[in-house]
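Next come the structures, one after another.
Paired with chain B in one complex and with chain C in the other, chain A is shared by the two complexes that follow.
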Partner chain A sequence: MIQQISQLLPELWQIAVVLVLFLETIGKPANDAAKPKWLPLAAAAGIFVAVFSLKADGLLFFKAYQVDSLSQFFKLAVLVGFFIVVLNADPLPTVESEKRSDYFLFLALSALGLMFLASTVELIAVYMALEISSYSLYALIPLRGKDQRAAEAGIKYVLFGAAATAVSLYGLSYILATQHSTYLEVLAAADWTWTHSPLAVIGLTLFLAGFFYKLALFPFHFWCPDVYDGTGNETAAYVATLPKLGAVVIMIRLVAMLKPENGIITIIAVLGACSMTFGNLSALIQKDLKRMLGFSSVSHAGYIMVGLSAVSAKGLAAAGYYSLVYVLMNLACFWVICRLATDGRNITLDDLNGLYKRAPGLAFIMAVGAFALVGLPPTAGFMGKFFLLTSAWNRGHDWLVIIACLNTAISIYYYLNIVRHAYTAEAEEPLPAPKPGSALWGGVLATLLLILGAFPGPVFHYAEVAGKLLIP
Partner chain B sequence: MSMMEYLAYAAFGLYLFLIVAGGLAAVLSKNLIRSLVGLIMTLFGVAGMYFLMSAPFIALMQILIYVGAVSVLIFFAIMLTRAPGGESGIEGSTPKALKRGLLALATALMPAVILGAIIIRKTPETLPLKPETALTVLGEFLTGPFALSFELISVVLFVAMAGAVLLGFERRKSE
Partner chain C sequence: MMESSWPILTILIFFPLLACLALVFVKTDHGARVLTLAAGIIELLLAMPLLHFDLASGGYQFVEKKDWMPDWGLSYYLGIDGISFLMVLLTVALLPLCVLCSWTYISKRVKEFHISLLLMVAACVGVFSALDFILFYIFWEAMLVPMFLLIAVWGGPDRRYASLKFFLYTLAGSTLLLVAIIALYWTGHTFSIPELAQKNYSFNFQIWVFLAMAIAFAIKVPMFPFHTWLPAAHVEAPTAGSVLLASVLLKMGAYGFLRLCLPLTPQASVYFAPMMIFISICSILYGGFVALGQKDMKKLIAYSSVAHMGFVTMGIFLFSLRGIEGALMVMLNHGITTGGLFMLVGAIYERSHSREISENLGLGKYLPAYMFFFGLFALSSLGFPGTNSFVGEALVLIGVFAKNGWVGAAIIPGVMLGAAYMLRLTQKLAWGEPPSAKGKSWKDLNFREWAYFTPLAVFVFYIGLAPGLTLRAIDPTLKELLHTFSAKTARKAVTMVMEPEKGLAGQNFETKLQPAVDERIGESR
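Our next item is the complex of A and B:
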């Protein structure tokens, strides 16, 4: 019993955070404007709890809940992201003050769902964990004052999400009908070839569609730019980053069951290629930064597929590592966006003009984030892409690696355009300077990106150990 | 085929008709109440399917919860918010609407045809199941292998309700 509790420490910590937030939402006086001051500290403590339980290992709840290196890696990533998002949502200009504890309650619940998602190895529990994180976001996205665009974004996210979930559940019914189990342990031993069980292959592909939706992979990407555009900057910072971690961890577990020559892997590779190309080409013409980052996340979902299509321990580790780096670099960019948008408006490229004079710290963070998103050394983005491409080479999808390289070349244009606006263009009218000290935590993110780029070894090695557990 | 099998196919056809017709009524009707009645028809059809699959407990739960509780709740929601109608935003049958309808039809039919063809060509073997799963077995499943999912459902419901409260209050304030 004690041992089981010690295996669940990160989740239990997050549940405690959720409970305290819930009590605050129902117990606080009506016009309490303060945001919970203890929350950043609690989130930081959560990171320590997750680091402490990195080595935890076990199979709980009737073998439906696997605590292993992979799950602990992703839980740590989720908690780090949650900490940054909580710090990032500090002024929260577009949410009414009496709704702020609710806002954080749903953020915490969504992160909790993602942590469950990292560990569940039974498809119905996987679905439930995914729904916990999605439902919280359905409530969060329309919260942007009285902005019409936010309501539109919320409706789009709910409707498309419901459709994707329906497809996913339909696929689950096929899996259940042909393989007679929802436990990954049993499914891993089952036959997934097209000739023997075509229905199971269709079922798994449809089931994956729900996760393609979360990842914003082509052709399930259409919600992504609109939702980022419509919802508040702080919410977009969360929606753009952490849910992808949950989708990636499940895809890693599912892909590990398949053989490299399986048809589903080809589908994943083709969708990845389409996603990269489409995302990058659409991002070229965007003026709104959040929209641009939306299309950029569509293309990054494609890059992650490169690692998955390798179906090797190294490929899975590369996908895991890249998703962590992806979260950090996007949070770095969103950090700057949220600091610049003091009144919660959307930021365009022109708002960045002359940033190096007004706020040199923020300009530097933006530059590091953009360089990392392109994949230029010495940032972590370069190492992440390097691991992805090398792991996929000679694994039967060489064309995908070539397409990924070409796409990186395309993406240089619009990412460096951000840097160009921040460093070389001058502002026509003087824009207000952000608050001093606003670059602090963004600076930490930028430093993390540089450190992970210079010394990727320890983290990648840990991810590789996790990958080897799935594909020896 | 024996008599029973014919009857089973007939029942299957009837329930299928109820589900599809109810679904079409729910989507196509311009009146919100009629849509809801269509939805209820679909739910009855699904309950019938459960009976056919010899899962009477699930079927009764379907009727009790969905037809009984959820639909009534939706009725109340419609009643308390605005008059039934939903006349706004309806487009006439212009050529553009026709084209859109055809595209929607094609989109809906494509997966159905592909999946249907594959199912007909490669029908999975039917498993010889016991005529009826006892309630105790069902309970053991929910508290045994599926205990985690069972518990997670309660979290999902909590999130859904709290989210509805959060958004509902917002709407009332902004009016």
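Our next item is the complex of A and C:
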């Protein structure tokens, strides 16, 4: 019993956070406090708990819940992201003060769902965890004052989400019917070839669709730019980052069951190629930064598929590493957006004009974030991309590597545009300067991106250990 | 290979970064200039131990090797040989000169300017000394950002277009380079360039790798028809940007051909040599003709760079000792001469606020010292005997004529064009009918300007009159390079005989080429 509790420490900590937040919501409405003061501290403590339990290992709850390197890696990533998101959601200008406790409750609950997702190794449990994280988001997204676009975004997210989940469940029924199990352990030993069990292959593809939706992979991406655009900046920062981690970890577990020459891998590779090309081309003409980042995340979902399509320990580790880096670089960009939008409006490229003068720190963070998203050295974005591409070469999808590289060339234009506006353009009318000290945590993110670019070794090594558990 | 105890290359790369950090805390513009100048001079002094370079050895020297990511076989692997030695020295030497020539030219965001300059130099030294392929690529790409900022922030009126074009062009070119690196890794199972160079690859594989690498390098050189970013970037960039662009960045393309294409894909290099030579001829003639018609001094020099770099690629793809020697000499000399010319244009722009030739006529009367330097660098640029560029161009021409008289005949007009556009420019500047001198301050060179033109002028004469030492530094490396190169291609010639249907063009060229290479190597031993 004690041992089981020690294996579940990060989840238990997050549950405690959720419970305290819940008590706050039913208590007296917070008067004017931007957020519970203790929350950042609790989130920071969560990171320590996760680091502490990195080495935890075990199989719990009727073998449905696996605590291993992979799950602990992603739980740590989720908690780091949650910490930054909580810091970022200050002062939360578009959420009325009496709703703020609820806002953070849903945020924490969604992160909790993602942490469960990292460990689930049974399809029904996967589905439950996915829904825990999604339902909270359904409530979060429309929370943006009385903004109609937010309502539209909320409806889009719910409808798309419900449809994708339905497809996923439908696929699950096929898998259960043909392979007679929902345990990944059993499924991994099963035959997934088209000739042997075509229905199972269809079922797994459909099941994956639910995660393609979370990841905003082409052609399940249509919600992504609209939701980013419509919902509040702080919420978008969350939606853009953490849920992708949950999707990636499940895809890593599912892909590891397949042989590299399996048809599903080809589907993943093709969708990845479409996703990055479509995302990058659409992002070229965006003026609204959040929309641009929305399309950029569509293309990054495609890059992550490059690693998955390798179906090797290194490939899976590369996908894991890249999704962590992706969270960091997106949070860096959103950090700047949230600091600039003091009234919670959407930020366009022109709002960045002359940023180097108003807030040199924020301009630097933006530049590091943008260059990391391109994949320019010496940022972690380059290293991540390098791992992805190298692991995928000679695994039957060389064309995907070439397309990914060419996409870098396409994407440079719009990311460079961000830097150009921040560094070379002058503001026509003087824009208000953000608060001093606002760059602090964004600066930490930028530094992390540079450090992970120069010394990716330890983190990647841990990811690789996790990958080797799945594919020895 | 010589290991060194004192990590001199690391210091040369990271000292400018430290200086950047120090710059962040400097408050005044003047302080930033003085600090960067001091950093530049210290960097130059730090580079002095490089002069212990062993002239007799053709291998890598000052080697540093540390594990970086053993999981992927990445290492922090630095070292220089005869090819990169001169380039590193050139890069380091240009830093203080660049600071001096921007002393009054740059008046806004001075601190950021010097930070960009220092980042640039760090990345450039990194490119020339990296022996791990990924490390090379990292420096290669990292250099784009400071250069982009130099053009985009401190550039001329059309800087937005020029900087974007520069960035997009060069980045697009190098994306496929990354694919080539990855493919080489999976074939050769290492990222170490020296180890990769020792292995043999199948002909088909070489063709693709060569193409992927050659596009990146051809854009950087730039070779016709990938040159269009260069005039735009040169014209808009501030003086120091132009100098670094011309003197260091363009050399990276040629360096890539020498360091990577020839050793890694020798047979493909031979196969594509006729095409590369043809493009080089095009570059030489096209650059020359277009330079002839320019009204803007910077544009003229930019197009002359295209022509000069044509000589470089020509020399490289002759695969003979004289040709490659010549190519390296042209690289070095173009760095000195064209760097000097761009600085001169910057100096005159500060006086007349125009780079139009017609606005700067008849300077001989007012600025005799200025005209002296201009005449000197112009003569050097057209390859006048006794100046540095003559040595390089002559060596390339010797190499060309030894190989094929017709090719030589084709580039002779290019040499004459060089004389035509440079002499035309010099003549107008020195003796043209000056327009009204209103609004212009015709003051001759001041002490600061003397300080940065004189060292360049000294090198123009030194290399021009006594090229021996420079050649001795590069010869052992080149001989070794050509030796392995001919050994690898000779094996190819045998397999070609067995499979005559594969690559006829390559075979034809090779049969002519092979004895020439051997003969030249024998001669020089």
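Here is the rule we use: the second predicted complex is superposed on the first by the 466 of 472 C-alpha atoms of A that agree within 3 Å, B and C clash if a C-alpha of one lies under 4 Å from a C-alpha of the other, contacts with A are read in each partner's own complex, and residues count from 1 in each chain.
The rule is simple: a residue touches a chain if its C-beta (ideal position, glycine included) is under 8 Å from a C-beta of that chain, and two chains touch if they have at least 3 such contacts.
Because the structure is predicted, anything quoted here is derived from the model rather than measured.
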- Task: State whether A:423 touches chain B only (first), chain C only (second), both chains, or neither.
- Result: second
- Message: Once chain A of both complexes is superposed, is A:387 in touch with chain B (first), chain C (second), both, or neither?
- Response: second
- Query: Touch check for A:409: first (chain B), second (chain C), both, or neither?
  - Reply: second
- Task: Using the superposition on chain A described above, determine whether A:285 touches chain B (first), chain C (second), both, or neither.
- Result: neither
- Touch check for A:199: first (chain B), second (chain C), both, or neither? first
- Query: Does the superposition put A:143 against chain B (first), chain C (second), both, or neither?
  - Reply: first
- Message: Let me check the overlay on chain A: which residues of chain A are in contact with chain B and also with chain C?
- Response: none
- Message: Quick check: in the complex, which residue numbers of chain C touch chain A?
- Response: 68-72, 112, 134, 137-139, 141-142, 144-145, 148-149, 152-153, 159-160, 163-164, 167-168, 171-172, 175-176, 178-179, 182-183, 185-186
- Seen from chain A, its contact residues with chain C in the complex are 314, 356, 371, 376-378, 382, 386-387, 389-390, 393-394, 398, 401-402, 405-406, 408-409, 412-413, 416, 420, 423-424, 456-457, 460-461, 464
- Within their complex, chain A touches chain B through residues 22, 61-65, 96, 99, 102, 105-106, 109, 112-113, 116, 120, 122, 124-125, 127-129, 131-132, 135-136, 138-139, 142-143, 146, 177-178, 180, 183, 198-199, 202
- Using the touch definition up top, name the residues of chain B that touch chain A in the complex. 115, 118-119, 122, 124, 127, 144-149, 152-153, 155-156, 159-160, 162-164, 166-167, 170, 173-174
